[in-house]
Amino acid sequence: MSIDRDTALELYRVMRTIRVFEQRAEQLFGENKIWGTIHNYSGQEAVAAGVSAHLRDDDWITSTHRGHGHCIAKRADLGKMFAELLGKETGYCRGRGGSMHIADTSKGNLGANGIVGGGIPIAVGAALSAKQAKSDRVAVSYFGDGGANQGAFHEALNLAAIWRLPVIFVCENNQYAETNPVKDAFAVDDIAVRAAGYGMPGVRVNGQDVRETYRSAGEAIARARRGEGPTLLVMETYRYGGHYFGDPQVYRTKDEIEAWRTKRDPLLLAREWIVGERLASEADLDRIDAGVDAAIEEGVRFAERSALATPLELPDEVYAPGEASR
Amino acid sequence: MTVQARAPAATREMFYAEALGDALRQEMRRDPNVIVFGEDIAEHGGAFQVTAGLLKEFGKERIRNTPISENGIVGMAVGAALTGLRPVVELMYVDFMGLAMDQVVNQAAQNRFMFGGQARVPLVLRTQGGSGRGNAAQHSKSLEAWVAHVAGLKVVMPSTPADAKGLLAAAIRDDNPVIFIEHKLLYRTKGEVPTAEHVVPLGVADVKRAGKDLTIVSWSREAVFAVEAAAKLAEQGIDAEVIDVRTLVPLDREAILRSVRKSHRLLVVHEAIKRGGYGAEIAAMVAEEAFDDLDAPPKRLAGLETPIPYAQHLEKSVVPQVDDIVRAAKELAG
Amino acid sequence: MSIDRDTALELYRVMRTIRVFEQRAEQLFGENKIWGTIHNYSGQEAVAAGVSAHLRDDDWITSTHRGHGHCIAKRADLGKMFAELLGKETGYCRGRGGSMHIADTSKGNLGANGIVGGGIPIAVGAALSAKQAKSDRVAVSYFGDGGANQGAFHEALNLAAIWRLPVIFVCENNQYAETNPVKDAFAVDDIAVRAAGYGMPGVRVNGQDVRETYRSAGEAIARARRGEGPTLLVMETYRYGGHYFGDPQVYRTKDEIEAWRTKRDPLLLAREWIVGERLASEADLDRIDAGVDAAIEEGVRFAERSALATPLELPDEVYAPGEASR
Amino acid sequence: MTVQARAPAATREMFYAEALGDALRQEMRRDPNVIVFGEDIAEHGGAFQVTAGLLKEFGKERIRNTPISENGIVGMAVGAALTGLRPVVELMYVDFMGLAMDQVVNQAAQNRFMFGGQARVPLVLRTQGGSGRGNAAQHSKSLEAWVAHVAGLKVVMPSTPADAKGLLAAAIRDDNPVIFIEHKLLYRTKGEVPTAEHVVPLGVADVKRAGKDLTIVSWSREAVFAVEAAAKLAEQGIDAEVIDVRTLVPLDREAILRSVRKSHRLLVVHEAIKRGGYGAEIAAMVAEEAFDDLDAPPKRLAGLETPIPYAQHLEKSVVPQVDDIVRAAKELAG
């Protein structure tokens, strides 16, 4: 699958947006403007960017506690995302959800999720909707290596396989679940081998090279759209930051982090590729960077200027009022 | 739509299980987005034959047998509900709720709120509970208190065939996740059920018997027992009012308070163990809201604090029987 | 692994005991002497017999709703089993548990289980005990094909694999979970392939031939005792009866049942083998049968003569009183 | 063993988290069968640093990091407990209970009973709950009412460092499954803790402050709030007695009743949502057992019926704060 200039630049722009969003969010967190917890996606950008490039607004995703990247790649509004982090009324969840529950149902994002593995069966349900409607919509479920050891993973993959549902399981193996290295949590080296147990294809992918994530996701999504059923993609990737802000990271070395950052950074690799194949120049990419910076700052401004979340209106915020709207 | 038909529409005697199937059929005909899935519900018609015949009418796309994966099934239902379907899931025994509780509580119940109103989760989780069939401790529990304590869930527990039909229809039309708990020993009870469209709104208690000496509040099979007990009490000169709350959430507090203001005595009866049971909520609510109307302490009669034993005589000894209700009522009102 | 005469006869005796026990239990059920539900193990005898032949009294098993066979093979007292079914005080659980909860901790039977898949992680915990004590004890977890689709299966197998615990997972694929055929519940033909996803050996076994079950279990158990970790054995087998007493069995044909009964019956096959290899004569086996019948009848008599379960003593039956006994 | 040391033994100021670690260390030294497992508890010392340092002292056989498999982990603990170990499992958030509930309820809680007494399940499930850290709806719940409603479980919720140590030690020595629920905002609170062996028996409430005008019953972080509220109330001439029940099961009913018989007014305060919360059990119990002693309706002050919102000002608005307690107490006793 050769990637054209527009697609390449868009992949780069999305990755860059995610990276800068996270840096800015971390800054706001450091300034005590963000409450609670945020989980940084930096390092994993090629996964969300490569996958979502194939998704339409009417396709669904389920995301994780580390969900900002998935959300941005699914074309979310940056202002509404920042506003949510800042607990503002204009946020995606009106300040009710925060980082771990950002959803954008208008774009098919069924939500970040604070329960590891919790989104996997939900994506299967969305895929069931697609199938019942005889549409060619698909659902993507993102989850981590840690999520792949939850019972929900097992049950969901099996359900999708037996009913040949249009769902793509994207396991982002970033080598750790909080502090637990994959080598301690798995007795297999390649998580993708688990797919065989459900009778579906499983593919191990270099998650740092957006060409690879784009290509593998493209195939799996096309397969799902054709009604040929689910695929498990295991994207080998890495998170640069601690699991949480202030994580002492006793479980890994600085060298390890540096090696990934310098040799396998998805943005650097993408720049090399794009410039190397003359799809665009360094200057073109710098212009994209500048555009991204501006969009991020505009998002932050929108969020900062917005009013605080309004008081809860109960019970209607908890219970949908009245009878079915239909 | 007939809401609590006044001039009684045409009815037919049905089993409770049959009436539930009737509601499913009614709603599936009305709305193509209603789909049903669960273990052994297709060809076999479900462990209690509630879905018998549905496969034939609606086909295998809408009546789906699942593997034994309770968490996955309920999670799938959440995803389906978020994306336009109206799934009705059968969880074979409420005792298996512990396997699905995460999806029920962290996802279904909370999605609407957490997403700032962006979502609705029109999902019905049908299940059944209670003792009395010798199924022992892992197939006989009463767990309504768990789900009633969760913001975002509604909880329904019908005691008659007519309510089974009407409440299930209402649950399916509701845009919120509804936990619909049947009772294994009610499936083969009979009653008149409206044959036409029948919907009983959630949140409206049913006064099964008017009376002035005490108020007995109950639900599910114990509501049936309470009616029987009231008849025995009447013979002994005690005039009990019996209220079947039918839905625990929303709870028809007014119906209960109105009755207690008249009778001045409250007895709540349920099968679940007493400690932390939903009877505590009702007794505490009445004590709080109608303290000055009470002439006696609000009483609870409920299951003993034990898992359900297997042997028949032991099983009966741990949940309130008709005579236990009679005895408790006499103590309270006598 | 060649099987000597004593072992062969013992395997046969155990299988025969299970078969007759079930027939007798069903009769008692028909006479309304047994309350609740019983799940008949007939057809699957070679599995429990072949596995438990390698187990010591200090090894553990976790069993299922279809647990009588596992219990008998673990050398339970037949009288106490019948007494439990009859709700008698002399029953294994003093009439509190019934068929679905018979346990015999004195023989390492950690109980039948009414939760499909529920016993799998429990066996892993027992294996952890064995490992902590640096003993060579092992744990066996029996479960059905249906159980293999529970999240508990996934989590338990992974835990056992990463810690190399001495546990043997025995999946009895009797082709149905209640009414659901395996072909509708799995997108793979061979459940044993799932083992690879956990990094443990998986073996598909002819569960009707006690030589096969004996041999495969022997290897897996020896491996576990040596500290080499868990194994998944998938025993292909069949249940003759309905899932429950009175099951209309709309999900299978009489022909299918007959084919298994006549061509693959574990008792018939064992007889053929034993007589064919001249390990014993038909008459020897008939003598065993007679002994089994007598033992069963003695068990029934014991149960029938026993007193009903005594009233509950609360809270001590629910809560172990006092502080730790140690 | 010091039970509620009278002549106060040597103490040291400790954080609540530290005191819990101290209990683990004390019990692991005492009994080689005590093992600890859970997510991120080894090198990292746990999400709230309770197990920090234990790996070093006890090694990786007894301090085990697990994958993220809550149901499997708890099930494994049940099996370990049935076979001679005394596992202490850490469930990172009580919100994840829905994933492990089956093993907790169908296995751990019931094994002893179902097996006719053949088994003991000495298992402690340590977890933490509550709101106040901006963790939103899936990491802030209070779910003690679920487990308190299960026959076979004990439920402990310490509010101070000293109790954290003493109650955890008692829980580990108990031969029953104990659900031990810490509070995320208490981990960094400080208090004097006995440095020597310290065990606080389960089932004994702590009267934090004697008073005659009303009885405030609470637990966990709200018990801390109640003490603060009582100080404010004292300034306003209201003399509140504050009872920290410490263990919900077994519940020290006598301590509560004794107090109400003296004060004639009851206010139960908890963070969990009111509907079906354990406050209902206590209010109903008091209404039933001490009806004639009550001069006013038994009151409950508890969480609003909503999932916990994220934004800080919203989060605070849904669970009782100190001033809310003051207000409710004044209404009741004023």
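Residue numbering begins at 1 within each chain, and the chains themselves are lettered A, B, C and D in the order written.
Just so it is clear, a contact is a pair of C-beta atoms (placed from the backbone, for glycine too) under 8 Å apart; a residue touches a chain by one contact, two chains touch by 3 or more.
Just so we're clear, the structure is a prediction, and the values are computed from it rather than from any experiment.
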**Report entry** Interface with more contacting C-beta pairs, comparing A-D to C-D
**Finding:** C-D
Report task. Would you mind checking which chain's C-alpha centre is most distant from the centre of chain D? Result -> C
Query raised in the report: Using the average of all C-alpha atoms in each chain as its centre, how far is it in Å between chain B and chain D?
Result: 31
Requested in this report: Measure off the straight-line distance from the CA centroid of chain A to the CA centroid of chain D, and report it in whole Å.
Outcome: 36
**Report entry** Separation of chain A from chain B, taking each centre as the mean of its C-alpha atoms, in whole Å
**Finding:** 40
Query raised in the report: For chain B, which residues are shared contacts with two or more other chains?
Result: 67, 69, 71-72, 95-96, 99, 102-103, 106, 113-114, 136-138, 151-152, 305-307, 309
Requested in this report: Scan chain C for residues touching two or more other chains and write them down.
Outcome: 93, 95-97, 101, 113-115, 118, 149-152, 154-155, 158, 162, 184-186, 317-318
Query raised in the report: In the complex of these two chains, what residues of chain D are touching chain A?
Result: 39-40, 43-44, 47, 65, 67-72, 95-96, 99, 133-139, 304-307, 309-314, 317-318
Query - Sites on chain C touched by chain B in the complex - result: 35-37, 84, 87-88, 93, 95-98, 100-101, 113-118, 146-147, 149-151, 177-180, 184-186, 248, 250-251, 308-309, 311-312, 314-315, 317-318
Report summary line: The residues of chain C that touch chain A in their complex are 149-155, 158, 161-162, 184-188, 193-194, 196-200
**Report entry** Footprint of chain C on chain D - complex, ascending
**Finding:** 31, 35, 61-62, 64, 66-67, 69, 71-87, 102-103, 106-107, 111-120, 122, 151-152, 154, 173-176
Query raised in the report: Which residues, counting only chain D, touch chain B once they are in their complex?
Result: 71, 95-106, 109-110, 113-114, 136-138, 145-146, 148-152, 249, 272-273, 275-281, 283-285, 287-289, 291, 294, 296-300, 305-307, 309
